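So, here's a batch of structures to check.
One chain, chain A, appears in both complexes that follow, with chain B as partner in the first and chain C in the second.
Up next is the complex of A and B:
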């Protein structure tokens, strides 16, 4: 009996301890829940812009709730609203390779004024067919896409300078420049990279290629530009200084150190002024949205200015950096440059002022294809051993701390970059890539939350078959210890992200397009002006949409073999009253027309018949009634072209 | 007598405010319009979210509110000018007849306008298109105060211009009473 009571006693004790533990866990969960709770009708404090990776888009989330607010189509066609399908938006996706309906977006970057995100524009790179896009944050529409010539994959991009003077691009895959047919085995010395500086118009935001620096054929991976004292410089990491062209996982991982390319772009500008640039003929496209005409314009460009390092001394230096570095980040003061040496156990902190001294005192360790290589020790501020495994990226707070994402050890490490002291570490699920603190790569981080952008999801959510959403995690960084608050799924594969205090974006929001400012050539601004015009085999339908009908809603006299363009103007001038337009058998998409906007859907009917069209966006109590018919007659029929609405024959 | 002159100038200013500020305002709230819709009746036109209100009204077959169809918007600016000049003339001369005739004419004008306004409201709420999608019992939108209409909560109140017109009436009557008293004391 005594033995029994002892056992029972243990059981009770264990149960009590378990309950205490469980209560503590519940209390922690309750506290975390409070921190991310945004009450119904309330707004989040921050916008987070997550790159969509291979979906070619940008996911807009609110923080701290993690709620998905919008997917902005950028490089990928989007049947949801007709982006890339409507006649107005198709030119946005033109490239030297023709119409490219997809890309791989990696790094969103907010426009900055004085080194602080200003909420005007968001830039993002296309890694596959090299491009940079600009999204206007007043409308959340992609309004500008520039193709980057002489590049084999635009990865270290579009990092921005302190006053949005430039966004940069660089080639991850070096290629023959200019492109030509040659054996791959002749890579070494013959393949080249480019570092491109794309000028941003300070008023309109319009992009234009300023210049390209021709560099050795390494793989240029990531970048960040200087700020404060280091304003005027940009830093690009590179790997594969071995110049391998096959089985890179081994052959590009041989050297202990690769390089950060430190580019003095103000020096480059001076060289350009001295006429040291050379024009190269190459084809690329610049596509932009004409706000007035409400349509994209596609311009073919034929020349860029190339700068060769040997012709512009002092423009570029290499800093030796531990093994195959990935990210490179500059602290808010602009003094410290911290790469993520992904295959190294040691992380190096470089000093900008030391770098300037090293350049002044010519402390060189050698050169690569004529580019001076600085002495590692001369530029080094501090080496931090055993930080973690697989450090990739850094973001900063305002208290002298840096947060490093560690892919292999699957954690975020908080440490001080001044003295290299490690302060805290928190596990993340699973295998983090980038991390993001709103403003965390700027001069003024809003250092309340950190988002871990994890690469592997596994069991974090209800399973959805083999293909899963990506996993983001929100971490509170206000205290001494980091605190995990929330898991939330993201779409595509977010690489980098940007965050900004919401009011900087909300104050510029556009709610409608004023009809009187709509100068679309096919706009009709009143129902009395609608018409259908035939020119040979082309038929233009000048149509209006307003709650709750189309005008015209009956069209006859279309023939097989015609190409019909429905130009639909949404006459509404009220916020959040879009109308959709879809027509039977359309081989493109539907279009979603915002108030005051005109969009065009092309339609090629295949056989005689009467085909319905209708509004796809539930716009009012009578939305289901918002419909019409097109009669299509045989190719040689004599059916007269006519149209009407509201039961009144117009012609 | 000094007070009579001051009051008549006040009356003139009151009427003049109707050129600057709206006379009447309608506020509409509905679940779908958290920011609310507003319509202003000015001396010469209706303003505010008229287009949005028209779209909402078309479901029940109400006619669009078009400034051009109101003769009132042509008459009001002229009438106000006449009342301003007349009040200033009365202030300048201080003559009992001028003040009295202004007060009576102005009051009559105000009453007729209110009746006319009510008739328009009745007309809009009753002359509904019988082929409209949603058929409702005819109604009269409020002349003043709150009212619930389907999903809308509507409030009608005089705006600064309307208050100016009311102040003008009050000032006119006060001036008339003061003058009248003075005449009785003299007599």
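Up next is the complex of A and C:
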């Protein structure tokens, strides 16, 4: 009996505790929900730009809600709006290797003024076929893509300088430079890397390669540029200073330390002025959007300027850094440089002012292929032991704290970089890669939220078969303790991300393209001017779209063997009234034409018949009526070319 | 999603508009000034030929895809419009169509009849005034 009452007592006690616990969890959940709730019709406080990784795009989310607002196609074709399929956008994806319809985007980077994101442009790297793209945040369109020559994989990119003077690139995979046929086993000493500085025009944002520094054939991994006192310098991590070319997981992890390459780009500019650069013949493409003509222009370039470290003393130094470092981040003051020592439990904080002193006092530990290696202790501010397992990246707040993502131990650790004191840790689900605080790599972080960009999703959402969306988590960083607020899915594989206060972007928004400013060579600005023109086997259809018809909506006299170009001008001048255009059997995509814009879809009909075309974007109550026909006659038919619309007499 | 939203909004607007249609005949003179930036238009007795010319150009560029003078296309034919509407209503409809089809009784009635909301073609108040002058010219010609 006594046993029974004891057991019952325990059961009641456990039940009571569980209920208290459950109530507490519910209250926490309620508090978190309040912090991320954005009422219907209201806007988020921040934009978050998430790289899409292997989808080659950028996902735009709102914070704190996590809502997905847009996918911006960058290096990948996008059938949803015809990017990379329409005749106007195809040139954006030209490279020295021909038309490349895909890439791997890793690191978005916002343009900065005085070290603070200014909301003008967003840059992002292509890791596979090395390129950098610029997105205009007035339109959220990709407007500029530059190919990086002398590179085999552009990973440490496109990190930016304080006033957007440069965005950088670097070779993750070193290669023979210039490229040539040679045995891979001759890698050591023969494969090279480049660190590239791409100039950004301060007014237009247009990119152009400034110079490339030829460096030893290590794997250059990530970068960040200096700010404040360290403005004028950029820092690149490298691994595989062993120069292994096989089984890298073992052979490239032998040394205790690899390097941060510290590059004084102002010194490099001085060397260029002194004529120390050398021209190298090489082929690469620069593609950009001509706003006036509303089409992309593709330019083939044939030369870059190379700087060799031995010819420009003081331009580059190596800082020994524990083991196979991944990220490298500079604190808001510009004084501290903190790498993520991926395979080391100890994290090193370096001091920029100590580095300058070490250079002045020639405190060198040796050299690598002529590049001075600084003494580790001479540059070190502090070592922080046992921070976590697999530290990868750091972002900062305004209160002297750094937040480190730890891949292996699946957590974010908050600590003070001045004295190395660890303040808090929070588990994340699962296996975090990058992390992002809006402005968290700039001089003025908006330090309210932190986003953990996790690599593994597993059971966090309703399952969707073997392939799952990636999992992001929003964390409140305003208090002493970090507080988990929200899970939300992200598309592709976000690596790095950037965040910015929304009003810096909203104030520059373009809502329509004024028809008066449309200088597209095939634009028709008035329905009276529509026409169909044959030149041999090429037929150009000058077409208009407005709610709720195309003009012309009937075309006859097309023949098998013709190539037809539908140039569709959207005559609307109203925000958010795009029209779509799709035609039967088109082997490319549909096009989505913004108000005032002209886009072109190429169509090659295969057999005689009458084929419909229609508007794909539900534009109005009579959207289903927005349609037309093309009559295609046999190759040698004598059918007269004519067209009309909406009951107008045939011409 | 956006498509369905547009349609839902369309239906929501069209239904009360259709109901509100009772009693308003769009072919007759409508005394309202409409809703929008234009409160008072002072018309000279004579037409300004420069302004008429400018209005005709804008009409061709931005209006003819939906409006003709004598035939229903997407929207109603416009000959005689200056006799059926006050100048303020005409300019407000051009400048502020979105709010007009929500708030003005006649504009609501028209939406119920034509189903496609008048589009905002982003013209300036000056351009709208030129369009009005062109419509006056068209209606003056008819008198002859």
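Throughout what follows, the second predicted complex is superposed on the first by the 647 of 651 C-alpha atoms of A that agree within 3 Å, B and C clash if a C-alpha of one lies under 4 Å from a C-alpha of the other, contacts with A are read in each partner's own complex, and residues count from 1 in each chain.
Convention: contacts are C-beta pairs under 8 Å (C-beta built on N, C-alpha and C of every residue); 3 or more make two chains touch, one makes a residue touch a chain.
Note that the coordinates shown come from a computational prediction; the quantities given were computed from them, not determined experimentally.
Could you classify chain B and chain C on chain A, in the superposed arrangement, as clash or fit?
clash
Looking at A:434, would you say it contacts chain B, chain C, both, or neither? Reply first, second, both or neither.
Touch partners of A:434: none, neither chain B nor chain C.
Have a look at where A:512 lands relative to chain B and chain C in the superposition and call it first, second, both or neither.
After superposition on chain A, A:512 lies in contact with chain C alone.
A:573 contacts which: chain B (first), chain C (second), both, neither?
A:573 contacts both chain B and chain C.
Now for A:448: first (chain B), second (chain C), both, or neither, which partner does it touch?
The answer is neither, since A:448 touches no partner chain.
Let me test your reading of the model: by the given contact rule, A:551 touches which partner, first (chain B), second (chain C), both or neither?
After superposition on chain A, A:551 lies in contact with chain C alone.
Does chain C touch more residues of chain A than chain B does, or is it the other way round?
Comparing touch counts on chain A for chain B and chain C gives C.
Is A:495 in contact with chain B, with chain C, with both, or with neither (first, second, both, neither)?
neither
If we overlay the two complexes on their shared chain A, which of chain B and chain C does A:618 touch? Say first, second, both or neither.
After superposing on A, A:618 lies in contact with chain C but is clear of chain B.
Which holds for A:526: it touches chain B only (first), chain C only (second), both, or neither?
Once the two structures are laid over each other on A, A:526 reaches chain C alone.
Stretches 4-12, 22-30 or 166-174 of chain B: which one clashes with chain C?
So the stretch of chain B colliding with chain C after superposition is 22-30.
Which chain A residues contact chain B in one complex and chain C in the other?
Residues 546-547, 572-574, 620-622 of chain A touch both chain B and chain C.
Where on chain A does chain B make contact in their complex?
It is residues 546-547, 572-574, 620-622, 625 of chain A that touch chain B.
Inside the complex, what are the residues of chain A that reach chain C?
My answer: residues 512, 514-515, 525-528, 544, 546-549, 551, 571-577, 617-623, 646.
Tell me, which parts of chain C touch chain A in their complex?
Chain C reaches chain A through residues 2-4, 6-7, 10-11, 14, 60-62, 64-66, 73-74, 115-117, 119-123.
Spell out the part of chain B that touches chain A in their complex, as residue ranges.
Chain B reaches chain A through residues 51-52, 55, 58-59, 133-134.
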